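Shared between the two complexes below is chain A, which pairs with chain B and chain C, respectively.
Moving on to the complex of A and B:
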């Protein structure tokens, strides 16, 4: 057994560890980008933008669940909270679109930092319940306070001019604004997962007591990943409010928190591309099956049950297992 | 010789049950000190108290003249006192190389850098390879830790711990679940790494204890029963009584 040690050349490294972006991922990202560049000329651009916003939302949620191992049940608070702030900024304060999105995102970051600091001390189901409780507080705040417009939400948010120069009235120009934000956001999430910080995060997810015994103050890492996840969820929500020119209670409702869990699990939690696929799947289903009315929720639930029973690792998770590569 | 780690009147009560009662311990610099005792004697509780995974009900813990009774478990690791676990503690989904790098990363203090590429970690690879080589795992360097056999997982755990270069190691039953072959290998490794370190270990395998340790503390029912070298301890009537029927495991 010991003698084999010298025989390093026997088995060549399976892959040159995990340094840098693997070629496969580069190819997938490039193909995805090429597809997204022609997409608005094939389908209704607003639908495509909705998919992209939810893809970013699910990817942000997956950072927390899939890589941080923390199940938050209140991510609607950051998604919806940011959409209210961005809508308010664009409509009332007269901000340009990029500044409106930025203010929504920052608001979500602050909210995530505060709620995160108060919840990360709890674990498992208690953590999920605490995050849900805080998200419900945000929901009732949105329902009651003046600026959010209660049941009406903030309507007819102007689309404005990007940097005060380029008009986003046109769906196609807005589409490319949204594309840059969401694609850029997803690339940033990819970087976070594959950073020194991401390594420590995975270690904590795999074995928390061991990470502590190596000297890591794990709660600081959890708070950091919680805040980052909330920030990107906010970026998604803020962008969505510019697309639909609307911030409404739907986005802060607890069912939105559930929907993002659904997207992430269906696509494959802990994978890079799973949440994107899951989001595209769920949003398309809601869109194309809209004629069924309330039945959509039932069909969605059915798809989820089948998904969980047949492929527990999610769509992309199963593919990754079959081709034996991380996706 | 100076005392590295000292416990004074260490006590831990769980609801209506005293697991560790008024234990005094003094570990000398550069020795291998074993903590033994029958099942339920409070060894693991004692261990968890010393490494701050449990908070003592009473008593003080002093590490290198510093009171660490109120410190966090991560805090004492940063002072150079690192523990292992009874069940093997590796990061299953990470490769062997990444496992060891996690320890090296902490020492460099750049682990919060979420904007930096993983490439920046490759400068730690050489150091990590050295530690992996030391425990004879070079051929598995790119394998996921989950794929390793039990004995190799424990070797990886030791490599990761040594990457921190701790002055003091606390090993919780390092031989539990090992084959005879593994035991010999790990014993040799422990003896080698003990050259310039202090080691406190909890161990059930008495022949390993006899072989490795300079000093032994025997616990029974949460209290110190005897202390001394193997010779003295094994002759103590109190120890023989506590171990009756369980002496040769």
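Moving on to the complex of A and C:
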């Protein structure tokens, strides 16, 4: 334990205020918040909301990959699963938006717990394959069962009133609802990463046998981080279903699992802000290049190839290396 | 920044901005479809070309109507379609969205169009829900739907003597709906369904299912699937020599581009229903030749539908002298259409365009004189028989 904390705590040791955030992160978060507060007046709010949902999704995925060292190839299951449950809750059960989002998130947490418990028994590529297999099961469930509407998805989900009081019909008010959820979610993820739990996670990622020899129940930590990651992915998916007023097969399809990997890698795996940048980058590309038609996927692939060849640490990873600070 | 400021009152602004004088009406059309995926060939850029041809043929400029056409790729994802549609309506001032294949994307756009109070003229999507369970006063569904295809193929093939059917059904909601609709039609016309098999979706190997169909004693094998599944099933059926052995293949959702890709050698003898085929009469041949010059291939029914729908929309704008969606749609529903591609028809109160559908058989290689000489017409299905009856709650003209 001592040896480990010494090893791990090299960075925080320089900054005595290890309880709070380093100043740099505080400033970035504040700037980000200020930016997000004016964003809906600069770009189209629905687009901004989409970026935020995907940013949270990528950040949740990054918790598992970047800090837990586990590559899940089935995160669409939690993202999409939650979006279906939240859509069903808001449309059929008549839940208010916050309860709908909550029920979607809970469903993702349960799903993550069950799938996680089964898949963390394997490592590396086998782990990825097991998560993919489970995600495909969720996909087929969404395709076949009645309430999901097959390939039409659940359409025309009402936007409803927050707490039964504030109408979210207006894009701007919905934007701030989404802002609170996603920004809060990302702050919580930040807190998790920088907690003692997060430190143990990093230790497991770096050297699992050593962590075991130090007496850590490695599988418990893995299951915990898997469930947390699934929960936050679910939160993102549930929120997205409220924004777009639909839940569809796109959200549970394996290509969504691939997209989130792309976002995380392009932005910078294992960094706090990388997934946010990656998500914004990919979603903007899909949005603003939509008029180029077939070129979207080509440009996206090209960007990924360049990313892998030139800056493997991702956009934020490279910046962090240059300024020599963790971001 | 400026755009965002007007956001709040965009509807009012858009309405106030539409000029009353017929001398100068600005119309913005958005063609939203698949430009990179499986439906890119049957809709894609070709639909944009078709819309542009409609604007030219309508002589919009001479009539004082300035039309601008924009387009985007929804990648067959409903959330991307929804995002683009909202943005087009809210900030870009688009008056009408055209095409939109993929039912999930189309349903999302239909909902947004109704909220924004614009016009949605769908050509590419198959779902009957657009003018059924999820009907909207602003939706017009132009070209085809699953019911029309089931009706067309099911009825015509049964009447022509194909009494015993066997279904290969894609095992998801769409496949089951197609099988159910067709079964009804087959039974109503004195046929029977001797069996069916659910095929996992998507599938690449159809051999065991085809053997089952071959041994079932059916004389028609109905393919209740779409896209790549249909193409794979037909290819493998050709390898098994199913049509040569006397069984008929009936595809329930297939487009001329699919048949073109398969070739007559593989697809020969296949029965299918379409709303339009380029080689029907002089008018369709002339139009399709012009289209081919611009786009490089013959038009599909979806692209022809975009032309026809755009034409009818522009005519309505000319008639009412504004782009006000309520007035324009009322005019579209009140006046029938008669154009070179779809012939005479009308738009029903629920937004369903009613026109004739046609049953085709794919020619044998020996009968085909060219790359695109693919079909011979077997029968005409009257519009009234082809489409589902209107649901009373969907009659928005009342």
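Throughout what follows, the second predicted complex is superposed on the first by the 307 of 327 C-alpha atoms of A that agree within 3 Å, B and C clash if a C-alpha of one lies under 4 Å from a C-alpha of the other, contacts with A are read in each partner's own complex, and residues count from 1 in each chain.
Following the convention adopted for this analysis, a residue touches a chain if its C-beta (ideal position, glycine included) is under 8 Å from a C-beta of that chain, and two chains touch if they have at least 3 such contacts.
Bear in mind the structure is a predicted one, so any value in this text is a computation, not a measurement.
When both complexes are overlaid on chain A, the residue A:200 reaches chain B alone and has no touch with chain C.
With both structures placed on the common chain, the touch criterion links A:228 to chain B but leaves chain C unconnected.
Contacts of A:216 after superposition: chain B is touched, whereas chain C is not reached. Of the two partner chains placed by the overlay, neither chain B nor chain C lies in contact with A:102.
By the touch criterion stated above, A:191 is placed in contact with chain B alone, chain C being left untouched. Overlap of the chain B and chain C contact sets on chain A: empty, with no shared residue. By the touch criterion stated above, chain A contacts chain C in their complex at residues 40-47, 50, 143-144, 149-153, 155-156, 171, 240, 244-246, 248-251, 286-287, 290-297. By the touch criterion stated above, chain A contacts chain B in their complex at residues 1-2, 4-5, 7-8, 10-11, 13-15, 17-20, 191-192, 194-200, 202-203, 205-207, 209-218, 220-221, 224, 228.
Within the complex formed with chain A, the residues of chain B that make contact are 51, 53, 72-75, 77-78, 82-85, 89-95, 97-98, 101-103, 105-106, 110-122, 125, 136-139, 141-143, 160-161, 164, 181, 185.
By the touch rule above, chain C contacts chain A in their complex via residues 1, 4-5, 7, 35-36, 40, 44-45, 70-75, 77-80, 82-84, 86-87, 90-91, 103-104, 107-108, 111, 127, 129, 134, 171-174, 201.
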